[in-house]
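Shared between the two complexes below is chain A, which pairs with chain B and chain C, respectively.
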Partner chain A sequence: MKVGIPKGLLYYKYHPFLITFFKELGADVVVSEDTNKKILDLGVKYAVDEACLPIKIFHGHAVALRDKCDIIVIPRIMQIKKNEYICPKFCGLPEMVTNSIENMPLSITEPIYTFTKKRLYRWAKSAGKKVTGNEFKIKHAFLKAYEGQLNYNAGILDENYDIKIALVGHPYNIYDNFVNMNLVNKLNKLGVGVETMEFTHELLISLEINNLYKRPFWTFARENYGFAVNASKEKRVDGIIYISSFNCGIDSVIIELIKDKVGSFPFLTLKVDEHTGEAGIDTRIEAFTDMLERRIVNESNIPTHG
Partner chain B sequence: MYYLGVDVGSVSTDIVLLDEHMTVNEKIYLRTKGNPIKAVQDGFKILKNKYNQSEISAAGTTGSGRMIASAIIGGDAVKNEITAHATAALEFDEDVRTIIEIGGQDSKIIILNNGIVSDFAMNTVCAAGTGSFLDRQAERLDIPIEEFGDYALKAKSTVRIAGRCAVFAESDMIHKQQLGYNQPEIIRGLCDALVRNYLNNIGKGKTILSKVLFQGGVAANKGMKSAFENALGFEIYVPEHYNMMGAIGAAIIAKKTVKKVGRTNFRGFELAGSNIISKSFECEGCTNKCEVVKIYENNTVIGYFGDRCGKWSNKIVQSSNDLLA
Partner chain C sequence: MKVTFPHMGNVYLAAKALLDGLGIDYVIPPKNNKEALDIGTLHSPEEMCLPFKLMIGNYVQAIQKGADTIIIVGSCGPCRFGEYCELQMNLMKNLGYDLNFIVIDYPKDIGIKELYRRISQVSSKSNRKTYEKLKALSNSLKVIRLIDEIEEAAHMFAGYERNKGDCKHILNECKEEASKCRTSKEMINLLIEYKEKIKHVPIDINKNPLKIAVIGEIYTVIESYTNFSIEDKLMGYGVSSHRGLTPSWWVKNALLSPLKINSLAIRRNAKKYLPLQIGGHAIECVGEAVTASKEGYDGAIQIFPMGCMPEIVSKSILPTISKDLDFPVMSLVVDDMTGEAGYITRIEAFIDLLERRRESVLFRC
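Our next item is the complex of A and B:
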């Protein structure tokens, strides 16, 4: 059986788990190719107008897999952490995809709760049944996939750069190089090293969160806010770049929270949408780099606040 | 000796020549009209008749068309608009703390502290509330853009126009016109809306301290200047060469680069008469299918643009070196 996995949204975070799980079940795993113009065009064509770019791109990946698999995984991610939620578009993703794209193959859309191994196993049991009747095989595949995910080292931690920035945002904006127009590569070329949130310990993130007047509702908010604030406070980085898709409601809140907290610490927001012209993004990162360079040289002249 | 600065923007292409004392000796303002190469060539035609190319000791480019411009003229420095504008503003006025720059499709705020950029912001992907929007409305109202500001100043009262989005603003404007508001009031309302939009979006969270310089093509609009002054509560200044500041910055940066490197890449004014054509093709190298633009000068390829991996653009080594200059 051919199981299709679209390379969109939280694929960038959970692909070790998803791929291992279905491979261990004995399925032929087909992953869509890296996002490209064709996939973007398909996504824009099929997705509802109001959706954000990452959702549209996910639709494009789903269309690209439509005729290449017997069953397609459309993860309905509900909760990653207890008492926290993620964007509602993730919860309704299967409905959006299957109703907007005609002739879709069967799909695996069981709700995913990842905050305990037990809860996640529930998903594995019902999702696995669609591929095999062998419960032992499902359990084995789940354990292997779980372990694979735990051992997976994602994230970017550049060393040996004079200037460093914290790159903040959703994983599908940070790791999809089509969407972000090769941002990390561009920054490296300008002599800027990048650090992403994966290297900030959960405890340090929580520490920052505890200083907020209210616990954030969203998992993305907690992770991004905690990382950005911690990295700036500990001076591990010289600036923060937040890459955000146009229209993202969660980002609009997180960005303001971070800005409010870090004060005059250099902060740049990059908005991405369907644009493929790169002049806009180039201008912003070049100017930001120039500013950081000069700030470092003049460090002693700049008050920390004001 | 002169230093050449070229700012290829979405609406205008600005060319300046600075002398040794950084005074503007020549300035040329041309409409880009979607053809940056032709705009630069037209500018060079004017320069060619007045100057000798050996008089040019450095050339710099900026603006959204800076890469293409640099490839055809042989630029010594290619700089983003933020740095270029800040450099130019500081050259003329050391006390500047805030730069408001509104161009054709970008608007920016630059905060300076002790003579260096300490913060900046630009409009996001949306170009609402920039010069091209004003251009379009001027055209719709059949008023030359040059007179737009005077109209705004004639208004006795103002009318509230939605400013968040150019499309919303336009429909709101049309509704207000149909209600019978006169042109000056509508235009003043539009200026107020753009200023409100600017301060609430780009200027959000930034402390705008005096002295404020207002630069970019839109600074020609007196209505905008007055709307900013009303909103901020203090005077703002429009520098003499407000619409050339990017080009001036590029020239100053190029001068510094040449001083470091010791030679200029400038290819001369002959370009004015050259046959420059651009062809675009879709690269089939990978699934990215980048749209690559290939520039020919008299049948010789002088540059490639638009490829993400550098497969084409690295063929012209010079331009990539300049990027880091």
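Our next item is the complex of A and C:
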């Protein structure tokens, strides 16, 4: 049996788990190709106009897999942490995809809660059943996949750069190089090192969050906010770049919260959608880098008091 | 202390009744208007949803009239509304206003003690006795229920009225008069009187008007300023309309949701298309579309603000419902740039479509 896995949204975070799980079940795993112009165009054609870019791209991947698999995984990720959510569009992702694209194959849409191993196993059991009747095999595949995920370390932590920035945003914007137009590469070429949130300890994130009047109930809002504020406060980075999609309700809130907290600390928001031109992005990151360089020179010229 | 609160449809009448009953000084912000929207748009982050911007406009205009304390309802659903308070507090502080925000949240999120502390910030300013305070609360709930009932009846009877414009006239007069009442008792009596009035509007039972359900995001369907008074317009066209999301529905839903016995029928009807709660009121939107079709409505109009996350999910589902049940649904997206003219053209075109469908059905028989 061929199981299709679209390379969109949180694939970038959870691919070790998803791929190992279905491979171990004995399925043929088909992953869609890297995001490209064709996939984007398909997504724009099929998804509702008002959807954000990452959702459109996911639609594109789903269309690309439509005739290549017997069953497709549309992860309905409800919660990663207890009492926190991701985005309403994640909870309704299977509905969006199956109602917008005709002739979809059978799909795996069971809700996913990852905050305990037990909850996740519940998903594995019902999803696995669609591939094999062998419960022992499912358990085995689950354990392997779980372990594979634990051993997988995503994240970027560049060393030996004079300038460093914190790269903040949802994982699918940071790690999909078509969407961000090779942002990390470009920054590196400009002599800018990048750090992402995976290296900030959960405790430090919580400390920052506790300063808020209200605890954000979105996982990525919590993590991104905690990371950006912490990295700027401890001067691990010289600036913050936030990569966001137009019309992302979550980003619009996090960006404001961070900006309000870090004050005059250098902050650049890059917004992407299907019309974003590469030239515009290039100019903006170059200008931002120039500004950071000037600041560093100025700061080292000013004698420190006290 | 002079309190104020953001607008949402007729909620200000209930708030007025409550604060009058408590004897607390308050300012009602001017009804949503162009200037409020401009103020809100100027100061809010560009991609915030429309309700956020109007609320900022309400605050600023209320402050100009002397308000210094803002009461808002928070909620911890997976949607932006729950985060409003934090952003709005920061924003107003950065604009240089020294304000006290009182955020009423669900006890499960902040604890019953904290909720009590926040409420007593307001209620301790009232010198009324406890039973009077409770009376004020129950009166205000009565007000909102009454005005919702009157509105519902007016929207429905508008299609059947003998003298064109009766319902619209009575409804508007009722709101006008209610905002002039000085005590909650007076307001309740007035509303009861108007409820009788609207019940006795001369109607023609044999008429068979078009019936449209208004569904979508709660703020934009309730707050007529954001939807260019769609319900008034429908009344004007002689179309009967119904909207399930009302402030009194919201109150009931909030009270019943911990027991999971809220809106059972709606959730049952939505189940086939959207099995899980995703945040906002997407389930209600989908469920109401199915319900309306079952109840013989001619069509539904979905309204939501630009960028509204849950309603974008509903919008992808609605075409399937429309196809499955042969039930026309139109989606209208509103934001601070929406032009009224284009909006009206679309509503009229939709009504035409529904009328033509009826004719062709008759023709076939």
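Details
Note that in this section the second predicted complex is superposed on the first by the 298 of 306 C-alpha atoms of A that agree within 3 Å, B and C clash if a C-alpha of one lies under 4 Å from a C-alpha of the other, contacts with A are read in each partner's own complex, and residues count from 1 in each chain.
Simple rule for what comes next: contacts are C-beta pairs under 8 Å (C-beta built on N, C-alpha and C of every residue); 3 or more make two chains touch, one makes a residue touch a chain.
All of these numbers come straight from a predicted model, not from anything done at the bench.
Of the two partner chains placed by the overlay, only chain B lies in contact with A:280; chain C stays clear of it. By the touch criterion defined above, A:28 reaches neither chain B nor chain C. With both structures placed on the common chain, the touch criterion links A:290 to chain B but leaves chain C unconnected. In the overlay built on the shared chain, the residue A:111 is in contact with chain C alone; chain B does not reach it. When the two structures are aligned on the shared chain, A:246 is found in touch with chain B and with chain C. In the superposed pair of complexes, A:298 makes contact with chain B only, with no contact to chain C.
Applying the stated contact rule after C-alpha superposition, one finds that A:95 touches chain C and leaves chain B untouched.
When the shared chain is aligned, no partner comes close enough to touch A:162: not chain B, not chain C. With both structures placed on the common chain, the touch criterion links A:234 to neither chain B nor chain C. Residue overlap on chain A between its contacts with chain B in one complex and with chain C in the other: 246, 260.
On the chain B side of its complex with chain A, the touching residues are 64-65, 67, 79-83, 106, 113-114, 116-120, 122, 124-126, 205, 286-289, 291, 306, 308, 323-324. Against chain A, in their complex, chain C makes its touches with residues 45-49, 74, 76, 78-80, 82-83, 85-87, 89-91, 94, 103, 273-274, 276-280, 282, 306-310, 312-313, 315-317, 319-320, 333.
Touching chain C in their complex are the following residues of chain A: 47-48, 50-51, 76, 78, 85-89, 91-92, 95-96, 99-100, 111, 212-214, 216-218, 221, 246-253, 255-257, 260.
Partner chain B is touched in their complex by these residues of chain A: 33-34, 36-38, 178, 181-182, 189-191, 246, 259-260, 264, 266, 269, 271-273, 275-276, 278-280, 282-284, 286-288, 290-291, 294-295, 298, 301-302.
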